[in-house]
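Across the two complexes that follow, subunit A remains constant while its partner is subunit B and subsequently subunit C.
Right after this comes the complex of A and B.
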């Protein structure tokens, strides 16, 4: 890479110091959770629902229990406190009766070898009553639609709504001489970290449960494991090994509690390791968002008003959805001063894969909308995209749509000026 | 025909947990006999390089090299809770906690050093180049290791433990009014793309990326964040999509869920803009998440500049671009 400004070679703060883990990673010495093992370990495999919405009528576990090498077959009945989640404990460790998304774990099989665990998992029979699913958030937010988590959110699937109101939008429209109105849509994304989830759990010589895992927050994992198993925090040790990418996809619990439960029940070290396919089915995704934007500006190129409606698909479990749609609402204007604003952001439960944290955390999706609007407005106004932005960006002392006054470091103008020469002559529009 | 265009994208990002939630980072510090240091924090290095940043900060405070600082992280039996590796918060939030914890250990060290060097006040002592010395009288100094070792034999201990909490208020749930995040990071990128009007394929040729990160504690890592951010931005804008059928994922493999490879990566010009953030460690704020945000818009706007079609639904696949071009030619 070239063209960096600032920084010296070597030194401390401001220096181009080599990462402390660089050589270990380059030489293949770094231990990722898939690499750690322990004498006498068994393997656990989760049986996951292929259906997005179903009732479980019954389980047939005898064949699996009798299979070669099987040590234990566990169900929801074996989980002391069957729930986890960053905001609500709405996600079961093992589903008891209500499957809300494809990939929900139902049964956990532990066996001497991975092959035996997978074979036995294939012998588990789950009797599903498949239910009609909600797959469209606009549909799921309507009144009278069955609620997916009535015990937590009552009769609605809207887990969050935030209005952001500033100034007077009617006044803003009266002042607007140019209007651009569009619908935007972003897609569901996977974090696609290179290292699928893996975990090693065992009971140590003190009788404490140790969980070695790649996570973004060991202390959170410890709390959720302790809660689910009914242990004290000091009886659970979560130890982080090398993390092969995260990007938000390792914030929710994945295999940690299941592996810990199997280790606690069998007193054997337990290894779990997702295949890539299992990984896709088991961690959160980026919220697809539908965004309706209507932006007004004067002929002089000053933004006067924004009205926006943002609907995010939360999927089957809340995870961070309220925080993510809040962040979308707060960032919906982009880095621009707009005196009159009305934004409504909603997070809606469906039977799609659950969505949660991913790099950008709700501030990513609106970028498509607000920056497309800026280019479209610039065209309407006959201004360059650069010029329209320079006339509206936040500077020190600017007030955001939430009424926050930006008091300190606000480098938007410097960033714009730094890239100006790269726009070049090609960009007439 | 292949047509080129350039597009501009800007973005902002409020760092930290936000919305009045206590965003707390903590660190423990010990200075050893030989002047090397251990920093313990729950903050996990998930590849973004936080442990290296903390080592640099502690080293700067104590006048030693980053290699002399061991950062122990993410072990709940050993390290204090320092929150999630998320929200672009560790350099700013945990960096501040490390400074505060080091400052405690340093305060008792300076007090001891003032006596040892016959200086009237600890304020007159500085730590530089592995030495403890009197400000303005560099010849009056002792090697750090010698001083710490002597002090420890006399029963002194140089320890620190402290926390830092970011500034945030809860927004009003009826109006959204409040000061939910601080600080905010900003970025601006220009993408140059080449659109093949026969196939609809888009190649991103170049991206110039300017990001305001307050202060680049480690420019090498900052460039890495920008390169990684642009890669994910390219994937977001052009390639990636989890496809569902009745809630089931249809493409749960890397042969069907396409992420950018090195061949999809543009030439990158990373520009680090340093608008000092007074509340940050050495004026720094975060860069992790913001690095990918402007890419999305810069590419979509560049496609329009190249071929005059506005893509409003991501990813901007060849199919969508061909359909938009066909629509355009009807007009």
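Right after this comes the complex of A and C.
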């Protein structure tokens, strides 16, 4: 098969291996979900809420149903179990009455061609009662603020709180001779994988529902599709075709259940393809985090204490937020030994786009805070940032804030020494 | 409306809609799905094809504008038995990750090497600047183009 190109170069271990799927990709043969088709396929388009928080008072679907080429117009009433989610099933397949973020899907239109489906989707009328939105997680976590998911998460918008405690914080402050206290904030990010979501769903010759999709989590998709449609697991098959980038953004359900629902209802193969704009509305984002950090050290440049409060904006649905804020809490001290620690990490629901997995999974955001604190402390102490770090980094035998004793593979010191010469000017700052 | 164009060396006469894009003609009518749609607004380059020797974003070209022109898509380049030097270089250099940008990248590189067989780093960077990649960080892609330049016979 290799034709003009060689295979492995060098030995089995440490050799260079050609990536097998790269062949189909350089030749333009690799099939992404938008590239697969079935005879007789129809197209489905979701009507999404333009409002971040609203009650739905009513739907007018007659015009859409009468439109040229329309095969079916589906609403929440057509979904047997209207919920999905990796940790909590708090996200509706199609919103029944409570819109919690801009982009929430409300109505699904299926038609013979994509153009007809888009035209008919434009004829759907949704009567929204726009509600005041919660866009600030620190507001949303206050007592007495309306809860966004009372039936699943109770009377609070805090879906997760993890305290991490080590040593004795009061003792740490008593020992501290220098203190740096600051607030940090990171922004929301989109993965912007290059291939917008697309799905092909159909009922095969055995009566099984087949869903071809670019996903990071095929077995989860299968369970959620089966659950939402009231099917058995073995009636649903999820086939992962080529995945055009993901970076965490394909760990939740996007179009899978909607396409499956349309196929199951109409018994026609159903294609859904997001535009780039729809893609922004239909997958998670990176958690923006607000981080309040207070760090103490001795004049000799030894860290004695850290107190931190991290608030992650979960957006409208929990997705992976608990796991992500857990990771933020665990990594809050960075690669430094601090004997006395108190960290409180929270994930808070708001009406912002929902946030979930993205490269680093909550470990990336606290870096801004703990490394900035080190630089500011170094300045206070008149030490180079490099020197302060060398006096506090984790080494073999160090204990992390969660009590893990590091028994090996701690490369921090070697790494710092290796980059030192490149950092000449920075270290002297 | 009727258009006549050549796609990968084959003459085609097609009946198209006035609002149809070249991208739609390739993907939906001719099933040449190697040409990808990443944004639909001329930003990402995933839909790059070569029209009369020059790269274009096929999402920004109306089917009618392709009337009378010659279009090359990724399917027109090589096959498993005989890869185009750019395809070979991408494979060997490890310049392919998810692969969604790859067809457009390969075509941009081919168009560059066709008009300038020995481009400098700067020229390569400029020629590839219309193609976004979210996976690789570009380094290996740029090296693959250099590698291909070394192998392309004049």
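Methods note: the second predicted complex is superposed on the first by the 416 of 429 C-alpha atoms of A that agree within 3 Å, B and C clash if a C-alpha of one lies under 4 Å from a C-alpha of the other, contacts with A are read in each partner's own complex, and residues count from 1 in each chain.
Please note the rule applied: a contact is a pair of C-beta atoms (placed from the backbone, for glycine too) under 8 Å apart; a residue touches a chain by one contact, two chains touch by 3 or more.
Values in this document were obtained by computation on a predicted structure and should not be read as measured data.
After overlaying the two complexes on the shared chain, residue contacts for A:21 are found with subunit B and with subunit C alike. Of the two partner chains, subunit B is the only one that A:222 touches; subunit C does not reach it. Judged by the touch definition given at the top, the superposed model places A:267 against neither subunit B nor subunit C.
By the touch criterion stated above, A:174 is placed in contact with neither subunit B nor subunit C. Applying the stated contact rule after C-alpha superposition, one finds that A:35 touches subunit C and leaves subunit B untouched. In the superposed pair of complexes, A:245 makes contact with subunit B and with subunit C alike. Applying the stated contact rule after C-alpha superposition, one finds that A:196 touches subunit C and leaves subunit B untouched. When the shared chain is aligned, subunit B comes close enough to touch A:182, but subunit C does not.
Touching of subunit A by both subunit B and subunit C, each in its own complex, is seen for residues 1, 3-6, 16, 18-19, 21, 192, 243-247, 276. Residue ranges on subunit C touching subunit A, taken from their complex, read 27, 31-41, 44, 46, 73-75, 77-83, 87-88, 90-92, 94, 96-103, 106, 132-135. Touching subunit C in their complex are the following residues of subunit A: 1, 3-6, 16, 18-19, 21-32, 34-35, 37, 191-196, 242-247, 275-276. In the complex of the two chains, the subunit A residues touching subunit B come out as 1-7, 12-21, 50, 52-53, 101-103, 133, 135, 162-166, 182-190, 192, 214-220, 222, 233, 236-240, 243-248, 250-251, 276-277, 280-281, 285, 323, 326-327, 329-331, 334-335, 343, 350-353, 357, 359-361, 363-364, 367-368, 370-372, 374-376, 385-386, 389, 393-394, 401-406, 408-412, 414-416, 418-419, 422-424, 426-427, 429. Residues 4-14, 17-19, 42, 44-47, 49, 51-52, 55-57, 59-60, 65-66, 71, 73-77, 79, 81-87, 171, 173-184, 186-190, 192, 206, 208-212, 214-221, 223, 227, 229, 232, 235-236, 240-242, 244, 246-249, 252-254, 257, 259, 268-280, 282-283, 285, 288-289, 292-294, 296-298, 300-301, 304-305, 310, 312-315 of subunit B touch subunit A in their complex.
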